[in-house]
Amino acid sequence: YAAWAAGLFTLLGLAQLAPRIPAVFDGHTTIERWEWMPASGLDLVFRLDGLGLLFALLILGIGLLIVLYARYYLSARDSMGRFYSYLMLFMGAMLGIALSENIIQLLVFWELTSIASFLLISYWQHREDARQGARMALAITGAGGLAMLGGFVLLGEIAGSYELSVILASGETIKAHPLYLPMLVLVLLGAFTKSAQFPFHFWLPNAMAAPTPVSAYLHSATMVKAGVFLMARLFPALSGTPEWSWLVGSVGLATFLVGAFIALFQHDLKGLLAYSTISHLGLITVLFGIGTPLAAVAGVFHIINHAIFKASLFMAAGIIDHESGSRDMRRLNGLWKYMPHTALLAMVAAASMAGVPLLNGFLSKEMFFAEAVSAGTHFQLGWLLPAVITVGGIFAVAYSFRFIHDVFFNGEPIDLPKTPHEPTRWMKIPVEFLVALCLLVGILPALTVEPILYVAATGLLQTTPPDFDLAIWHGVNPALVMSVLAMLGGGVLYAFRARLFACHEKYCGRIVGKQLFDGLMSALFALARGLTALLDRGTLQRIVLSFVLSVLVLGVAGFLGSGSPLTGQRGLLPLDGISLIAAIGLILAAIGTVVMHRERFTALVLIGAVGLVVALIFVKFSAPDLALTQLSVEIVTIVLLMLALYFLPQRPARQSGNPRVLRDVAVAAAAGMGAGLLAWSVLTRPYETIAGYFLDNAKPGGGGYNVVNVILVDFRGFDTLGEIAVLALAALGIFAMLEHLHLPAPRSDSQGRPWNWDMHPAVMASLTRLLLPLALLVSIFILLRGHNLPGGGFIAGLVTAVALIMQYLANGVTWTQSRLPGNMHPVIGIGLLIATLTGLGSWLVGHPFLTSTFTYLDWPVVGKFEVASALAFDLGVYLVVVGATLLILIHLGLMHSTSQERSQLPEEGR
Amino acid sequence: MDYLLSFLIVTGAAFTFIGSLGLARLKDFYTRLHGPTKATTLGVGCVLVASAVYFSLHEDGISLHEILVTLFLFITAPVSAHLLSKAALHQQLDSLTPRKGKADSNLNERR
Amino acid sequence: MNHLVIAPVLLPLLAGLVLLLLRPLTIGPRRLLSLLAVAAQVLLAILLLRQVGGGDILTYALGDWAPPFGIVLVVDRLAAWMLLVTALLALFALLYGVRGIDTRGRHFHVLFQWQLFGLNGAFLTGDLFNLFVFFEILLLASYGLLLHGGGRLRTRAGLHFVVINLAGSTLFLFAVGTLYGILGTLNMADLARQVAMLPPEHLGPVKAAGLLLFGVFALKGALIPLHLWLPGAYANTSAPVAALFAIMTKVGAYSILRLDTLIFGAAAGSLSGLISGWVLPLALATLVVGMLGVLAATALRQQIAYLVVASVGSLLTAFGLGSSAGIAAGLYYLPHATFAAGAFFLLAGSISRRRGEHDDHFLPGVMLTDRIVLGTLFFLVAVLIAGLPPLSGFIGKWLTLKAAVDHAWMPWVLAVVLGTSLLAVIAMARSGNVLFYRSEAPEANRPTVRTERLSRELLPAAGLVALCLALVIWAGPVDEFTRATADQLLAPETYVRAVLGTDLAPGVRPGVEP
Amino acid sequence: MIETALYIAFTLVGLAVALAFWRLLRGPSAPDRILALDTLYVNTIALLVLFGIHLGNNIYFEAALLIALMGFVGTVALCKYLLRGDIIE
Amino acid sequence: MNRLLPHPLLTLVLALIWVLLVNELSAGAIILGLLLGWAIPLFTRAFWPERVAIRRPLTLLRFIIVVLGDIVIANFVVAGRILLGPRHVHPAFVAIPLDLETDLAISLLANTICLTPGTVSAQLSPDRSQLLVHALNTTDPEDVVRTIKQRYEAPLKKVFES
Amino acid sequence: MEALVSLVIGVLTACGVYLALRARTFPVVLGLTLLSYAVNLFLFTMGRLTIGQPPVIDAAAGGYADPLPQALVLTAIVISFAMTAFVIMLSLKARAELGNDHVDGRDDR
């Protein structure tokens, strides 16, 4: 069914095309547009002119034959659906190339053909060569496509539009633009890679791992023509400059020669055809490179002819492979006897390839020779061009001879897997049809091909094409002489093949593009691995180091680049003794932490002192709330660190060598200097802030005297909501993370002493119990007064938490846990909910989220007191802090007991 | 009244200082422990009382909440000291006194 | 006052809260609730996008305190765009997550919702310190999510991720502090105003702070050399989380764009262009380094992680061009890169669980079950990621190149973007080849995968791919929107006027009586 | 008068702080350092209260209260660590 | 009574402390203090399983006064030793046999020892029969034992354990 | 005084950075803690140094310190507390799962 559907699809395409053909022959260019990205100049625009029509017909016509052929070529084990859907994807994309008006759109289809080609080459996925060939083709044509994208972007910029109508009309502007050469190179890279031009040709032979219908269709008739199509398409806009001629001409010529030369030495039938295809593509390229209108017409003509004879040759080769089980010409011999019909067809097509008169290949080759001769008259040593081309022609004839003689004659087949025989009728029909075309065009060019060639040339040149004469006999002229020389030379060359092959084996066997490509690829991968490993060692130290260094570079660059002074003009505060003592103490303790960080307990005690002095600094510089917070956080942090320290090695071995330590000291010192100088530069500068507003509005607008607290719960309550969400998240994250965690508890301390027997010293236990109500009272006090005096929900929450931690410390987990609500999740949830709902409450009275309100109540006996929504918010904060802190600590405290007695775990739901 | 205040302030500070001096100066942990736990409680106590007096005089209404801190320190400081010496014994820190066998043998535990 | 502005922040917060309080419920209803909440966020984002599509800038003064004194939420086109991208990505990531991964650890849904809380807040806030707070929310949620499910490598990656981000948060505060210390404000619009009238003798600290802030955002965005945290973190977490993380680097990119266009934008006088001078070279270098990492990767998820690095390079290359067209190209590329990476991570999850002990390593393993479907999807994603036509990656790349044409760095941009695209093609071809074509282990080794309804398993990844397709089909409207967005960003005075009600020109600070 | 007293007091307490720091850094044993830290906390209370009198503002009273509480918890926890390793068991 | 008001004494103490905390003597403060003094014990009931009974308040008061006086003396004594220098310190460990049985009483004794002349309670034996005390400066350990037992342990025994 | 505070900030930063560059989790955590002290102080001092003028509205006050940085630092302290707690627990988890306390899980002792 897949084949039927594909056939139907192709016919449908032809049917769509048919009604539009007459307009083209009338000289009109049909443009159809669907808006896509008009603002960026990319619409879906299709253009049907002669050139496009010619290609569309080739694509659909040969496509239809291939669909038929492949139906019988593929075996029952192959997935027809997959094959045909890829094939149709390709056909659609190829049509898209032929019919695009917008070059970006053209590129889209262009890359799609590469993708389709990749899929089709790797169709037999189990074969290594298929996979490699597909990847190579994708890499090369993909690279070209990308270059072309660059070229097209430049072209669009130069021409002011991506649409061919504009581009083709502004050839003069384009050629005069300073970006012409880079643009040209990029565009041509695309074309050359796609059309397998030297030195990018080597992907094509490797693509022969594809099923033969694919080779016939994509890799000879259509896709590889996309490159030359592009040269034809952009011919009026880009050609006619020396750059064009030299680039296109020389690459084409090299390709023509190299392809023809290598083709002769291929033993694989498809290999020969592949290199021959390369050579012919070179031929066409040379024609476009010559740059005259007539040469371009010849180029188009050869595109048609090559598509016809090469497709039939590939199909014939496919038949031979299919029916004999081999493509090796050293084993294939004398097939004339086994499959005379196929042999005849193949021989006619091969003759056309060789340029034998009365066949279509002869006509375009004659034009090619003629154009080469006339082009050669325009520069010094111009005779070299026809001479060199004749040499190429000799090889072309020789490999064509080989194709005929080595396969169908030359003795008996050697050791073939199958006994060859004629294929089914339906497999031959496409070949017959194409060979018939070879003959028809070859004998009656004016009746068959001339009209379509004429409109195609019109489309190509965007003007009336020059007169051309498709006669078989032009009289004796240089071109005919070249043809004859090629024929004779080819025959002679083939006659001496044995010696030639030996010679080739000896000297040229090694130089294969594939190996070069593979080497390049492995070098690329090695480079990638090397560079990546150099940067990304997967170590945290590297990550942190690169961060610190980057930050230093950024900060220094920022400051130095500004040219402003380090120190500002602000008056400074005098120094006093106590501050000095405290600061020195802090600095020594901090340095002590660093120096003694391997004695972890000591480091911990020292960092406690650092935290205390930080709190003192807050006190000194008028921040009581901060001091309270810092003090509470400090203790909880130290308790946490101790809980952790229990499970970590106490005195680890020294890790870093001296060089690393020195480096880190230098980096750290630089970072410290940076931070200190930045602080200095700001502290010494005068400033003006929005703070006045808060001081003015805290009481009248926020109902509190403690401006810091009013900012926290009111002016910037949203920050606080986020902050408690962070705390809640930390608790939940820790809870989730510690689940199922088992840590071996050390049985002795760092000096190897076993732990003390006294789990809960009685003195501590009984007196801390005494402290609990006291501490709770203090925490409520701090909560309630926060709005007007230092304090607030956060500090209160921490005090409560610390009071409860004290119980854990003194009386143990089991004892305390049994006296507290087991599950802290609801506490966190409700706290956050209260805070959020307090914020949402303001919606009810038509204010934005978190708008506060407060009022004064005057109750008998109690007196006048303030009720503020901010207090509810602070209560939420309080609950989250208590819940989160306890959830974290308790769970950690429980951790080592989990391994022993899981049953004691408080039930925390998922 | 200023004299009383000044006296309290200086006395308190002096005791605080002496406590820390003991911490710095004495030769073994157990003796060092005495300084801070005692001297500082009284030292800080004096300063707190000074504060109470000062704010009772200088602001309307008496200020007695400083007593809370004092009370709190009186409850906690001995517990800290007790635990510290317990820890020091556990770590078998050297003492200036040769420990008497009788006193320790049953105390210097191993459960 | 339009409560819709704050809805994308409150909805996930409340959803997470309700999910937290409803823990006793079975997983079914909670999954449904979580999904509904995310779906509602998609709707909210669309509603907001419609409201700001015409060029209006919506503001929301929290607590009814006028900016710059209170915190203000601001929705312009960019913010709405980011919200929509986030919500869509989250929806599909969650759809994948509810297929069982969510029960491999605690609190998945709460963390997920609050991750969105943080993300949405970061996109909406107009206050620099509030941005810090939302960064912390999204980071903490991401820590939890990253570690979800546990495991050796995941824990190590988590440790690295957390530590470096803590360092980043510290730097953020240094930068914010310095800006406040000199400019005396935190509101981003007000900062823009103050920067515009900064006396030259104070340039130093502000410049340093601006670049430090850029450093923070570059860390989040994984610009080299600050990208080193990303490969480990993204490669070792669970599939839905990695997919969701595809947006995390974009938060960094978003912040860089805001910083660059608003605070150090066109009106910033001598500070104008402070950031953009660094963005383009670093972005190009990131693209190269990222793509080399893609080539060097030895496992699929590692490769995708490097692709994320590379995509940041691409994105910031576009932003770094600084022109309207460049920014627009970046804004087109942003959802593409996000969805594509998300889809790829989800797909990688499905692939690796079918490869048994080979996991996602690039070793010839067993022939995959469901090879055709997975292969097709892989192919589509590879085409997307490699930026091949006709999918959105190509359009984004083309738009970037187009914008680069008249930039002084054009040759570099062209060379790097095209060169790295080739590397991507090569790398993707190799990965597909190893994972789908080569099978050297006997069939018997194939892990038995519970293939409960393949369509359901692949729906999320396919959905993300479909979103990329939508980006192609509706490329026109998207293109127009992103161009309008870019124009809006390049006219920061409209933003400032919408927030502060005053012009960017020097003047008295509103609300402060002399 | 009071100012002079305060000046003397600040000097004495400052010296006390310095001595406590000295012991903290010097050690030599872990209990010594804990004791030094505890002393530091207590000295800080004195410092705060003196500072409050000096400023004529008792807004720092709660800080003193909290230092007392937190210093105690810290000391207890550190001692417990030395004794048992696991402080919450 | 027991369920609703677990520790009436504590309630009063807390109310008093509350008034001290807010540092103002007003009706509002007292009412709130009583309220909290009632609520907090209720909440922490589980932490105080047994009601603390004080048998002889007067003995307790006298004990407190004695201790306060001793604290002052102790401070001067210790201060003197410290100022004199390390050479004037003769420390010793002394084991005190205990008659007290309840944890609270033992703890209070330990505390008192710490606060008073030259002694720090160092360690309680596992069976709670002995308290090891470190004396800063003593030549006669027996005297230390005697003083502690008579001056502090006896009144505590009377107040809490009779 | 400003110089002293700057010095303190610088030293704290330097110590923090040095410890954050160590190879074991515990010093890294200590380093991050020191860094958070440094940055909290830094942020706080951005409101400049003011002695004896806490931002609590009081008729007798001669002036007020800038309250905004204080509020910001309060938020920052809480957040860094949450973060520190998280990283401490994570280091334990790493210890359990990786078998040692190296930040990369390498045990090359």
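Note that the chains take the letters A, B, C, D, E and F in the order they are written out, and that residue 1 is the start of every chain.
Convention: a contact is a pair of C-beta atoms (placed from the backbone, for glycine too) under 8 Å apart; a residue touches a chain by one contact, two chains touch by 3 or more.
All of these numbers come straight from a predicted model, not from anything done at the bench.
Both subunit A and subunit E are touched by B. Of the two chain pairs examined here, A-D and C-F, it is A-D that is joined by more C-beta pairs in contact. Put simply, the chain farthest from subunit A by mean CA position is E. Averaging Cα coordinates per chain places subunit A and subunit B 69 Å apart.
The distance from the centre of subunit B to the centre of subunit E, each centre being the mean of the chain's C-alpha atoms, comes to 14 Å. With centres taken as mean Cα positions, subunit D sits 48 Å from subunit C.
Inter-chain centre distance (subunit D to subunit F, centres taken as mean C-alpha positions): 21 Å. Chain contacts: subunit F has residues 20, 25, 28, 38, 40, 42, 45-48, 52, 54, 56, 68, 72, 75, 79, 82-83, 86, 90-91, 93, 103-104 touching two or more partner chains.
In subunit B, 19, 21, 33, 35, 41, 43, 63, 65, 68, 72, 75-77, 79, 82-83, 85-86, 88, 90-91, 109, 111 are the positions where the chain touches two or more neighbouring chains simultaneously.
The set of subunit D residues touching two or more other chains comprises 10-11, 13, 15, 17, 30, 34, 59, 65, 69, 76, 80, 82-83. Contacting chain pairs (ordered by label): A-B, A-C, A-D, A-E, A-F, B-D, B-E, C-F, D-F. The touching residues of subunit F, counted against subunit C in their complex, run 20, 25, 28, 32, 35-36, 38-40, 42-43, 45-48, 68-69, 72, 75-76, 79-80, 82-83, 86-87, 90-91, 93-94, 97-98, 103-105.
For subunit F in complex with subunit A, the touching residues are 1-30, 33-34, 37-38, 40-42, 44-58, 64-68, 70-75, 77-79, 81-86, 88-93, 95-96, 100-104, 109.
On the side of subunit B, the complex with subunit E involves touching residues 15, 18-19, 21-22, 25-28, 30-31, 33-35, 37-39, 41-43, 61, 63-65, 67-68, 74-75, 77-79, 81-82, 85-86, 88-89, 95-97, 99-100, 102-104, 106-107, 109, 111.
On the side of subunit F, the complex with subunit D involves touching residues 52, 54, 56. Of all residues in subunit B, only 72, 75-76, 79, 82-83, 86, 90-92, 109-111 touch subunit A in the complex they form.
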